[in-house]
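Have a look at these structures, which come just after this line.
Both complexes shown next keep subunit A, but they swap its partner, so subunit B is in the first and subunit C is in the second.
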Partner chain A sequence: MSGAVTTPRSRRQARGRYGRVSQVVTEIDERLGVARGGRTFLDKIFPDHWSFMLGEIVLYSFVVLLVTGVFLSLYYVPSSTVVTYHGSYLPLDGMPMSQAYASTVNLSFAVRAGLLMRQMHHWAADIFIGSMVVHMARVFFTGAFRKPRELNWTIGVTLLTLAIVNGFLGYSLPDDLVSGTGIRIAYSILLSIPVIGTYLAFWIFGGNFPGTVILERFFILHVLIVPLVMLGLVGAHLALLVRQKHTQFPGEGRREDNVVGSPMFPVFMAKTTGFLLIVTGVIALLGGFAQINPIWQFGPYEASRISYAVQPDWYMAFLDGALRIFPSWSFHSFGHTIPLEVTIPAVVLPGLLFGLAYAWPALERRVTKDDAIHHLLDRPSDRPRRTAAGAAVLALLAMLFVASSTDVIANFFHVSLNTVLWAMRVLVLVSPFVAYPIAYRIAKEMHQLHGAGRRKTPNVVTRTDEGEYRAEPAPAFGDDAEEPLAPTPVPDFIEAEPPAPPSRGTRAVER
Partner chain B sequence: MSEHRTPVSLRGLPADDPHLQGAARRPQLVERVLALSLLVGLALVVAFGACYWTNAAPWTLGATMGGGLFFLGVGLVGWGKYLMARGPFVEERHPLASTPEERDALAAALVERGGTLVKRRRVLGGLVGGGLGAFGIVALFPLLRSLGPLPKGTLFHTDWRAGSFAVDQTGRRIHVDDLAVGSVVTVFPEGTQNTDRGQAVDQTILIRISNEDFVTEPGRATWGPQGYIAYSKLCTHLGCPVGLYEQQLELLVCPCHQSMFNATNGAIPEFGPAPRPLPQLPLYIDAQGYVRAQSDYHQPVGPGFWERS
Partner chain C sequence: MLVGAVGLAALSPLRALSAAGAATHPIYQTGRHDAGTPNSDFVTRSHGHITSYGDSAITYSAPPSTLKALGYALYLENCATCHGTQANGVPVPGTPGAYPNLVGLGPATIDFWIESGRMPSADPRSVQAPRRPPRLTHHQALAIAAWINSLDPSYPYIPTVHLRGGNVATGMALFALNCAACHTIEGDGDALARSTFAPSLRNIPATQVAEAIRTGPGNMPRFTGNLSDYQVRDIVKFVTTEIQHPRNPGGFGLGGLGPVGEGFVALLLGVAFLALIAFWVGERQ
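Here is the complex of A and B:
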């Protein structure tokens, strides 16, 4: 038997060329068959562009939400049972309040790192939805939603809807004076839906407002049901991204049938893990330094009390703005009431906006008759009409957002509320029609501009002896002197560096 | 014999290929900067542990944790961006679609098996479909109907009854001498002031104005005795409490969406999105001088809904 004697060297040889790693891979592969797929995954190419980072911000703020949310759920008590507060925050000492509010104050002041976690959670939620909107705008303006990616666009719009809903549910949970008023408004919006509104409101709230079960229901929706659905959809969103491969901007060596960029391992992994840490770090810095939603200053919710100059979180503000500026048109007839002053701004308007978002890929295909598969992105200036339409919707949303602060604007600038109200009504109606042609013209002109979107090189103007001026493009910057490399496939192996030539006086001993 | 034999394959790159070099022009310097960033990150993460251990102020926790993760992240991103293989690398994008034959095979399986095996047993198919469909509808009942009661008439009534004493939030009955002219107080029918429903539905704003025989609207001659008039505090727009009283203009203002109601004119909406006046509560002053309700509101309080006529 030749294997009778084992030396470290013979063991090393038995393990194969890649040593212990080979051994582990073999053990796993014999059971799960992961080697081929795993290798393909590590070779997977991710195109490099700063705008592809926006989706990563969404993903990583979602991770922060999940982690900080688990922490908060350990201390929050979803109960409207009234207790008397005797905690470390003295201004509220002895006040009756719901257990939900008391536990939120408590986890802010009495639980170590609780305030940081709560503020991180709130900041992460605002960043989550904000980066989602920007990511969605990127996908829209570059045409990344086109065939074959319509399904992923649909999943994305659903995720945005769920994120907004869950944001509302989440900031309602502390049961403070401001958020309680928000729940009251949500109840009234449900009531305003024709025919089924009262039934919906009574079923969701378990009776007439406020009922006794709403915090418990919001809690289970906020921490389990909605996040679970979102987690599944995020998984599907990413799985489709892997399956269909990422889109890329046109450029040197980039075609419809390839992907140019960095490989998953190690380059993309290093960059994206680092980015996870940066996003988490920035959220933690905000949570530590920027106070957000100080519920202990608002006091506990009482249905007959109200605070002044309050707005919802930013992603709900467009609805609040629409509610503020819509005229008092109520429909009464045939023994029924349709409160149009609520139904149109708070039910029909968001329905139309999100319906438009869902329908956009199909609408655009119908208009352009473009049934081809697209993996190369448009520049926004390539599609002036789409860009202009997107700009119009964003302008409308921006004006509705501003309209949610009519009272604050009137106070701050010392103008009459009536003036502000009418100004906002005009601005909301007019802004899409102003934004559309401006964006259209800019896109058209940029499209015709030679070299738009590329780094500019200076012209060198010289004067000849005869006094004639001549402009010639300067040679590229010193920085750019390096020729960009042609893309190459990820190598199957890397040849080792040739051995350094032995220096004089030593003798290479071959064994 | 050399250890550095070239393996036989077509997809290799020599180690000194420019694709495998980092993008940094001065790798040593970049490496030092990144090492510094990672070091600061490491130090701050350790400091975070120390801050937590000593229960330091919340901002120190955020600063150390956030700063630590931030600098670690910068180091890692920089490593990937400047020191790892800069590429660019390329991979083929194979069409996702299958061949027409494969598609046909799938369609054939669906149509032929489905057609021959299911259509031949239409009754069974109908029963399975009907059973599952019926279950789907029946299942809605526990899912929806158990969630809460039917609205019935509950939106049309409050807890104000003929003779209800108006009490403030502490439960004290309001006497005719309690309110100065031009002031307001939030009142509830006695016994509901500490209940959720009392707070949310019965809340009423009681105003005392200077004109003792004031009539807000025709037909309400007896509703406001001795200058006391009462309106539902629920805004007719979205049900926020109409919590502000502008004494000079005698306007009741809802701070949510700035609806304003004229207190001396039947609380008709003067400004903002509210479509209807605030319902007025008919009052009387009893022999002892307490403010009491003649009856419930004559119309539903709060925001509009379908069943409201």
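Here is the complex of A and C:
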């Protein structure tokens, strides 16, 4: 550029390839020093397998939950105070109801886009937990929870527990006839815990059911405390993912000591942004076109009223199913009632299931004596026993889920409710023992099958001079060839520098 | 029960006339006579018999007694095999099963069972008679009711609900309190114990809803003293408007199955569809 003449073109050239963007970034970097970290971040490698994107459905529906939830909290009034409704929904006109219910009806009918937001929030919650379960199953069946990722598995199980709890809390907030029944069941479950049950229930409800404070307490738990903890755990979950790097399936050039995939920018960013928009779009479409939880048809909750055919949301259904099918066993001794028919299905069973989930990585290490670090995933058929165990638990949960709609099944198929009840008892007990050997068998067969999971190679039939026919499998395709997976040394996570000799008092470190 | 019958005999003009009937039929269902009795705002009489009674909410009218002869012929054709030629529940010899005595049940009961298609029954041994397309016309049902009523005049008469003044909000509250425990709050009905079920209310005319409330068919309790005619009208209004024509401002109603249907939609349309999208976007190796 000559000093005398400035033209638009020369000015453009002077700004460089990225123009003003580069200038702004430079300004920021000079103050915060983000260039190096940012470069690493933008170059972070994401393996591309589709099943790694299941967790993103969870993340993005969580985002939708937060946004729509903030909108709802602007209009919802967490109060059990009884008011008389005089709003735009005429069939409820003049009915006494809690302010919580009245405000939920109002935000559905009198607030612009209120119903859309409510329905999106509810659909997003159902999808949030659903995709969480699917993501967890992916992690389980591919062995992604193994060393060094046990902590992240633990965080994930905690997130699932909190999500289910928060889903129940949110379901209870409108104080309609159906959710009020749910709170009553929760109260009974608390009561059934031996020794501390009554104290716990009184402490949480501030007295006997229904009390006057439970909606207020549920509200603050639902909108602040539980989401805050979840947000922190989601952050930790993702930070650990970045720190420990992604797992990957074995394949050509994929080893324990590398990560093969697309960089964060531009490939992964484009994909994931698109996926965010698709997840939001699907939730918005469901919220706009599919009615969910029409509380105005249920009416307000009153302790004296009840509706038949009340089910919880799908993620609580396994508990409801267990409660429904458990025989009515309880015993009375020392002046106390021990309601085993509630304690076992509603306290012991979920305790065992989630305890098993928490303990699984340690259990598996104890059984397999495998103490190595794993960054390459298993295919489910590689580990028949783990796959079969997972299938057994899923079968049990699925049957408990079905058992929560015994009445719907009986009514739909015109069979006796008692028959359905007994059938579900048998199915729940039998299903894990049927699922385990079937899954084990399938995994074994797939593993031993020649070329399972690879493109089929043709058999070449030749006729020898003696007239004998001989079939020989053709050599495998180039990129399908078996690659010996020799264990390779894994580098430490921290590029350890030689430790400086400790000095007392003031120290100097590099910037 | 007997004490109640004696007490009611003093109150009810018609019971006094037919007190002898109770003695001849030991399983006589005396308790039914306090339902929708003419303890009402207006009572119409003709030749000494009460032909209709009621208030501004519901008018109960007797089936025209001129149809008695036709009713008897129809009864012998359609009902006598099981209920007996005298409607006393003694069937033709050799017929299996035990059948209810119809004498003194009141026209509303007879009308409800015939007009809802439950009688004549397709399978007399089934645990619960399901609703079917009616086999007899309204006129024929009235005739049979007229003949049975002539054996031992009793209540309630056939109701006509004046829906105009009904209050849907009160109806909803009363429905939640009295009906939702079996019929569900959305009125879909559901399975009860041992193959019995509470039927769906989605497609039931106002008259039959009122008849069912007042007479308590099958397993259903009979609502008499605790619901006034005005309250019954409110319930009928709620059932025939909000339950039979639900407004679904939120979009497709998903069959009114509640969280069961919603769960399937969330998992199949939501999670599975999004997983398919991931399958499309991601690498399949």
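One rule holds for everything that comes next: the second predicted complex is superposed on the first by the 432 of 511 C-alpha atoms of A that agree within 3 Å, B and C clash if a C-alpha of one lies under 4 Å from a C-alpha of the other, contacts with A are read in each partner's own complex, and residues count from 1 in each chain.
Criterion: contacts are C-beta pairs under 8 Å (C-beta built on N, C-alpha and C of every residue); 3 or more make two chains touch, one makes a residue touch a chain.
Note that this is a predicted model, so its numbers are computed, not measured.
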| item | value |
| --- | --- |
| Touching partner for A:Ile220 - first (subunit B), second (subunit C), both, neither | neither |
| First (subunit B), second (subunit C), both or neither touched by A:Leu228 | neither |
| Partner chain(s) touched by A:Phe249 [first = subunit B, second = subunit C, both, neither] | second |
| First, second, both or neither for A:Asp407, with subunit B first and subunit C second | both |
| Which of subunit B and subunit C A:Ala14 touches, first, second, both or neither | neither |
| Residue contacts with subunit A in the superposition, subunit B compared against subunit C | B |
| Partner chain(s) touched by A:Arg305 [first = subunit B, second = subunit C, both, neither] | both |
| Partner chain in contact with A:Leu356 - subunit B first, subunit C second, else both or neither | neither |
| First, second, both or neither for A:Leu74, with subunit B first and subunit C second | neither |
| Subunit A positions touched by subunit B in one structure and by subunit C in the second | 48, 115, 119, 271, 274-275, 278-279, 282-283, 286, 288-289, 302, 304-310, 406-407, 417-418 |
| Complex contacts: residues of subunit C adjacent to subunit A | 167-170, 172-173, 176-177, 180-186, 188-195, 197-198, 238, 241-242, 246, 248-254, 257-260, 262-267, 269-271, 273-275, 277-285 |
| Footprint of subunit A on subunit B - complex, ascending | 1-4, 6-7, 9, 11-20, 52, 55, 58-63, 65-81, 84-93, 95-96, 144-145, 147-151, 154-155, 169, 186, 188, 196-197, 199-201, 203, 233, 237-241, 243-244, 254-259, 269, 271-276, 302-309 |
| Touch list for subunit A against partner subunit B, complex | 43-45, 48, 80, 112-113, 115-116, 119-120, 148, 181, 184-185, 187-189, 191-199, 201-212, 243-245, 253, 256-263, 266-271, 273-289, 302-310, 320, 323-330, 332, 335-339, 341-342, 373, 375, 406-407, 417-418, 421, 485, 487-499, 510 |
| List of subunit A residues in touch with subunit C within their complex | 48-54, 56-57, 90-95, 108-109, 115, 119, 122-123, 126-127, 130-131, 134, 177-178, 249, 251, 271, 274-275, 278-279, 282-283, 286, 288-294, 297-299, 302, 304-314, 317, 404-408, 410-411, 414-418, 420 |
